[in-house]
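Note that chain A is present in both complexes that follow, paired respectively with chain B and with chain C.
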Partner chain A sequence: AALRGGLRFQASAALREGRVAPTELCQRCLALIKSTRFLNAYITVAEQTALKQAEESEKRYRRGQPLGVLDGIPIAVKDNFNTAGIETTCASNMLKGYISPYNATVVQKLLDQGAVLLGKTNLDEFAMGSGSTDGVFGPVRNPWSYSRQYKEKSIPKSCSEDEESDWVITGGSSGGSAAAVSSFTCFAALGSDTGGSTRNPAAHCGVVGLKPTYGLISRHGLIPLVNSMDVPGILTRSVDDAAVVLGLLAGHDPKDSTTIQDNFKPFELPNLTDVSKLSIGIPKEYRAPGLSSEILALWSKAADLFKNAGAKVIEVSLPHTCYSIVCYHVLCTAEVASNMARFDGLEYGHRSDMNKSTESMYAATRREGFNDVVRGRILSGNYFLLKQNYENYFIKAQKVRRLIANDFAKVFKSGVDILLTPTTLSDAVPYMEFIKEDNRTRSAQDDILTQAANMAGLPAINVPTALSERGLPVGLQFIGRSFQEKQLLTVAKWFEKQVKFPMIQLEEVKRHDHNVFQHQKSASFS
Partner chain B sequence: QNVTVEVLDHLEHLALVDFRDAEGVERLQKAIQFADQLHEVNTDGVEPMDSVLEDRCLYLREDDVTEGNCTGELLKNAREKVEEYFVAPPGNIPLPKLEERDTFLQGS
Partner chain C sequence: LAPWVPVVGLEIHAQISSNSKLFSGSQVQFAAPPNSLVSFFDASLPGTLPVLNKRCVEAAVMTGLALNCSINKKSLFDRKHYFYADLPAGYQITQQRVPIAVNGSLSYSLCIDNKMSQMVMKTVRIKQIQLEQDSGKSLHDDTRSQTLVDLNRAGVGLMEVVMEPDMCCGEEAAAAVRELQLILQTLGSSQAVMAEGHLRVDANVSVHHPGEPYGVRTEVKNINSIRFLAKAVDYEIQRQIEELENGGTILNETRAFDSKLGCTVPMRDKEGKQDYRFMPEPNLPPLILYDAESLPANMNHQQVVNIDWIHERLPDLPSVKRAKLVERYGILPEHSFTLLNEDGLTEFYESVVKQTQMKPKKVIGWILNNLLSYLKQHSLTVKESPVSSFLLADLLNLLEKKEISSTAAKQVLAELWKGEGKTPVEIVKEKKLELIQDQKELEQICQAVIDGQENEVITMVPG
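Up next is the complex of A and B:
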């Protein structure tokens, strides 16, 4: 029960009361990781260090001096966060074998609280993608593919082999983290969110995915994609758990000058009973082309839920929503062109054998190290930054960004507290269908409901809402005012309690797919 | 309007990344086409936005050395090194011109 429950109320209490020991909890999670390897959620499993951390935690509990709620709690971290002594690959050949000499600030904060780091999770290469399908270690499989709920709704196949191709994607790019939390192998996981990369997989995997306000949580040690939009994301099985983790991670970091200097006070979420003072905005532009009728209905039902409970629910307009993806496309590729320039083979990461000149070595290294998606974005970004294009593309996109941010500001100024929108256009699609379109097309389609919040730097959260007709999770998104995470999470928690999203019923999977296991490694360090 | 070979070549030099094949070039063409939608938006009188935190002051810390002395650690990750130096192949040698380079663009 401790394994399947929430962090805060079940697992943490169980540890404190001595009903389960940290080492036992750790062992069970590690065993579960092994038995769910076919999900390919983890790139590196840090078995030895995790057990050591669990032992230290156990000593603290025996002395009656746990560090806090997170002491002894197994967590996972997306593989684009630096972790000292543990390989950090960003799912790219460019960083295979790269062992970071330092911990990202958020990782350090979790470890300082006694959290047990189980391993690094899989993602799209350098977090570029919306499926967690484009990394060098292969795609991540959505645990719900193996749930009774999904299997019951699937058209029965004539032979069991065909079930192989039925599995659905996790969404991305933090798919590994979402899958890890969804399959109970950890209690919380770190993701990152630049265009929806935490909220999208959270929706598809039926977990809570929080994108904090830009500037609230340190990006130091998070390998950057778009410096002006990236944020660390939090994935948990409940809103309360997300609030706990947020409380430990938020706050100014001298090592990240884009973190605000305001004093951050961790908070406990009140149990909201009266929503009559709330004003919920429903942005009409989020009724995007391609939105499934199922999700549209669910969104409407959710709006009614608030209305019937006494909240003020009004339609609002964010007129520039349809341009956020184009705007993102330009700004993202431009920042990527700059951020990826550091990968030249000289100081770390892959280095080509080409030795004729510095430039040719760099070119060969990058040729060998980056996949098509990454290279494509670098080249596009450089195009938009050319002198003849700078004004027309990059500056233009920055102006459009302001228009998008202003749309939100106007709506929030008019008295709306929280926006309610869908998170994704549909439930998770089968992998075989997803790969029929290329990465950029997919990202453009899938990010449409999540990206604008990154443009404006606003906090947003996915709350698992219901199962689709195919038996897969569908989530809804709440977007809040800057730095008003407490209000956002309070409303999200109320909603979570109303919808009572079902627990996944994972079936025992007897499989021996060796190809998938090849990439799985157990890291052991002295 | 297709992107000229000169610009493609220039991009390969700037990015030190190659287009690799026709698909790579096509990818760029599509990206530009996609981005052109931006021009539908009227941005007269709108200032470009660098950061959502533009109304705040960026944090600056005291100019004191608080950490460092980790040369050994940092050198661990480099493949080619000598004593405390990263070793690079000879510099100041530009990439060969398009005609002499092994690039897909050569055929264009």
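Up next is the complex of A and C:
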């Protein structure tokens, strides 16, 4: 049953009013992490430092001087962000045990606001993948696999079959962050988004996943996959929460020369009531092959929702959409080949015992440190960057990228405010089925709806919409104009209110629920 | 035998004189303890990003302007990939597609036949100047089979100056580099001292018969001084000619100059040609430079580099300095070259001129023929001269006042070199070198001489 719309718990308000203490909130989350360990959402749980941060927060609240809305709020960070003193692994053997000496800018900003960093979340190795299944610490399990909603809808299995084998993936590559937010172990999490890595798992895990405009949020300290497409992603349980986090993270960083200089003004999301002035575009090419009829129907229903509320809903065309996957493949692998060149075992990270020569040490280190997915992309990327191939592949792909970006520019110029598309082709598939195809194939399939936004640098957000027939979350995506996050989130918030996505019903959460989460079903913090 | 035309081009890497590195805030310092000047970015820690150093851009613009280049108002950064222990990121950030300055020229002078009497002016075209990162240093410890890596130098800003193959021999290459060195030092954009690694020169050498296409070229590296540059180039030209005349071929290879043996040898490091897999540097937007015309009104001038502003503040370049010396002191152009070529010599000369009544035109002779040759003989720099400008001026004054002869002055100078602290006046007294002004005294001496040589006098005076 949809329980949103009832009393909304505001964790921040509760902290401010003294109804709950930061240390208590922190301990509850840590306990919940422990009892949901089977999700494998966290690689590192920073229990000591988190409790210390919570204590500091508590002191501030007692003095009546909290740093802001985020003070004392437990958060999690994807393990490809640098965190000083806490291991940063990128779910790779190459960085197992690597303790970075500095905080990523976004991490520092959250800590400066008093947020409590619970730990580092699991991902596909070096963020390469769409399932969060290919990291060295094992796959992440979608919390919805254990929800009442999913179990009710599953075909009853014979007693001999393990319930375990039924679980579904989170999507990726920020699956750990999505699962952490979805299972209530934290109130917000950082992910990264290069081809859909925040929006995809957000859709599968039933949470809000925001990909900001490229250049709005600093990438300093985010271990890069594709420098020209990566952005830090924000995962929360409500659009309002995403807006709050965005407000704290956005803005120019002198340490990142690709952030824009303009002054960013954090905003409060208005409660939109009148959508009649809105123009929603439905790109026909997003009716992609493989799109489930269920999602197609949901998408259509959503369009009708806007239409019936008075908005202008029109079909638009983004003609170069079909080339985006190949284009992405060339540009992504090329940058990967370049970015991974620094992992040679010399200055940090894994170093092989092979010491016959520098070159043999490099080769062995990289063979031992990287999984097949990473190595495959490096090989492809180097191929495309060879002198004889550069023009035909890299330059060509750059040109196609320009065409894809122009498609969006044209549509937005013609008067469309926001685009509405599906986020994923289907609801989350069971792990056993997902691994039947290789990473490359899966990525190519799953990225198709999300990755054009990365090519064009545009902001996009997944809003959980409804449950599928299997009882699993399905989300829809809104894509906005460059740097128009306020408009994007305003529309997303209106939509969120209309659809009233149900709360996950998790046994484990219920158990830890009684004191802290009483009466608050959406459990957002703002 | 058909004549050979040697063709010499140069790639010069000049370390930019700045407080911090090209893309990171760590310090630039010579001879610091190993790995003490390494920022997170220099060590290629994952997640770090480059931030362009404004001073380095200004240095490159200054240098470009001084070399008559067109400054590209928009230039780009690229990654050049290769694996080596002293390159932590596995790539160097450089400017391959569009460098900061192009199409310049450098004028330099040569003396014909080694005499300072005839100077010829030559020009070499500057293809481009690009900004790029320096690498770290690796020291091979063969006894322990290990390589030690020092990253202090990794990321220091370099200006690569590419000189077109307009030169024809070692002497020309050396003269061109010397002039570039003077320009850089005058601008302050680089300390340009080869011995300290601020200036590294690689030579591209080939030979061909006149009228035929250029021959295969080799790259010569590991040249540690301007003197060795001339030697290396001349050796390589000779080697190629001999090889070709014996029916051999020239390989497009990289060779190292062995200063002990005075020859070039193939470098074992490079196996086949490297594909650097150039790719645009995605973390650095295009570098945009402004001039007075294009500068937007509200722009904070701390945030931008204004080419015109830099142009207005360029100091007098060596060529201008020389012209001024010629005009002010009436010396020959050749003289001005020597003055500028020797560190501190111009200042010494001008100081002497100030302190003496002797005409500058005469002083220059003493500076170049006596002082400088002595310094060269004893491998001393002007700063190390035991004879100060004060002492020399003193001496020249004695000469000017006709208190001593020119010969005597030379003798005094020889004494002064000993650096025993005696003044010219003291030495003259000691050695009784005073010119006798008294007519009577002179007559007496002459008479005495004649008296002592009666026979010769009788033979000499007829009748």
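Here, the second predicted complex is superposed on the first by the 496 of 526 C-alpha atoms of A that agree within 3 Å, B and C clash if a C-alpha of one lies under 4 Å from a C-alpha of the other, contacts with A are read in each partner's own complex, and residues count from 1 in each chain.
Note that a residue touches a chain if its C-beta (ideal position, glycine included) is under 8 Å from a C-beta of that chain, and two chains touch if they have at least 3 such contacts.
These numbers come from a predicted model, not from an experiment.
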item	value
Touching partner for A:382 - first (chain B), second (chain C), both, neither	both
Which superposed partner A:338 touches (first chain B, second chain C, both, neither)	second
Partner chain in contact with A:104 - chain B first, chain C second, else both or neither	second
Touching partner for A:351 - first (chain B), second (chain C), both, neither	first
First (chain B), second (chain C), both or neither touched by A:224	second
First, second, both or neither for A:390, with chain B first and chain C second	second
Contacts of A:258 with chain B and chain C, given as first, second, both or neither	both
Which superposed partner A:82 touches (first chain B, second chain C, both, neither)	second
Contacts of A:214 with chain B and chain C, given as first, second, both or neither	first
Per-residue touch tally on chain A - higher for chain B or for chain C	B
Chain A residues contacted in one complex by chain B, in the other by chain C	101, 228, 254, 257-258, 337, 344, 346-348, 358-359, 362, 382, 386
Touching residues (chain side chain C, partner chain A) in the complex	40, 43-52, 79, 81, 83, 85, 88-91, 147, 149, 275, 277-279, 282-285
Interfacial residue positions of chain A with respect to chain C in the complex	81-82, 88, 90, 95, 100-102, 104, 219-224, 226-228, 254-258, 334-335, 337-338, 340-344, 346-348, 358-359, 362, 382, 385-387, 390, 394
Residue ranges of chain A touching chain B (in the complex, touch as defined)	98-99, 101, 214-215, 228, 252, 254, 257-261, 320, 323, 326-327, 329-330, 333, 337, 344-349, 351, 354-363, 366-367, 370, 372, 375-376, 378-380, 382-384, 386, 392-393, 395-403, 405, 438, 440, 444, 456-457, 482
Touching residues (chain side chain B, partner chain A) in the complex	3, 7, 10-12, 14-20, 23-24, 27-28, 30-32, 34-35, 37-41, 43, 46-53, 56, 58-61, 70, 73-74, 76-80, 86, 88-91, 93-96
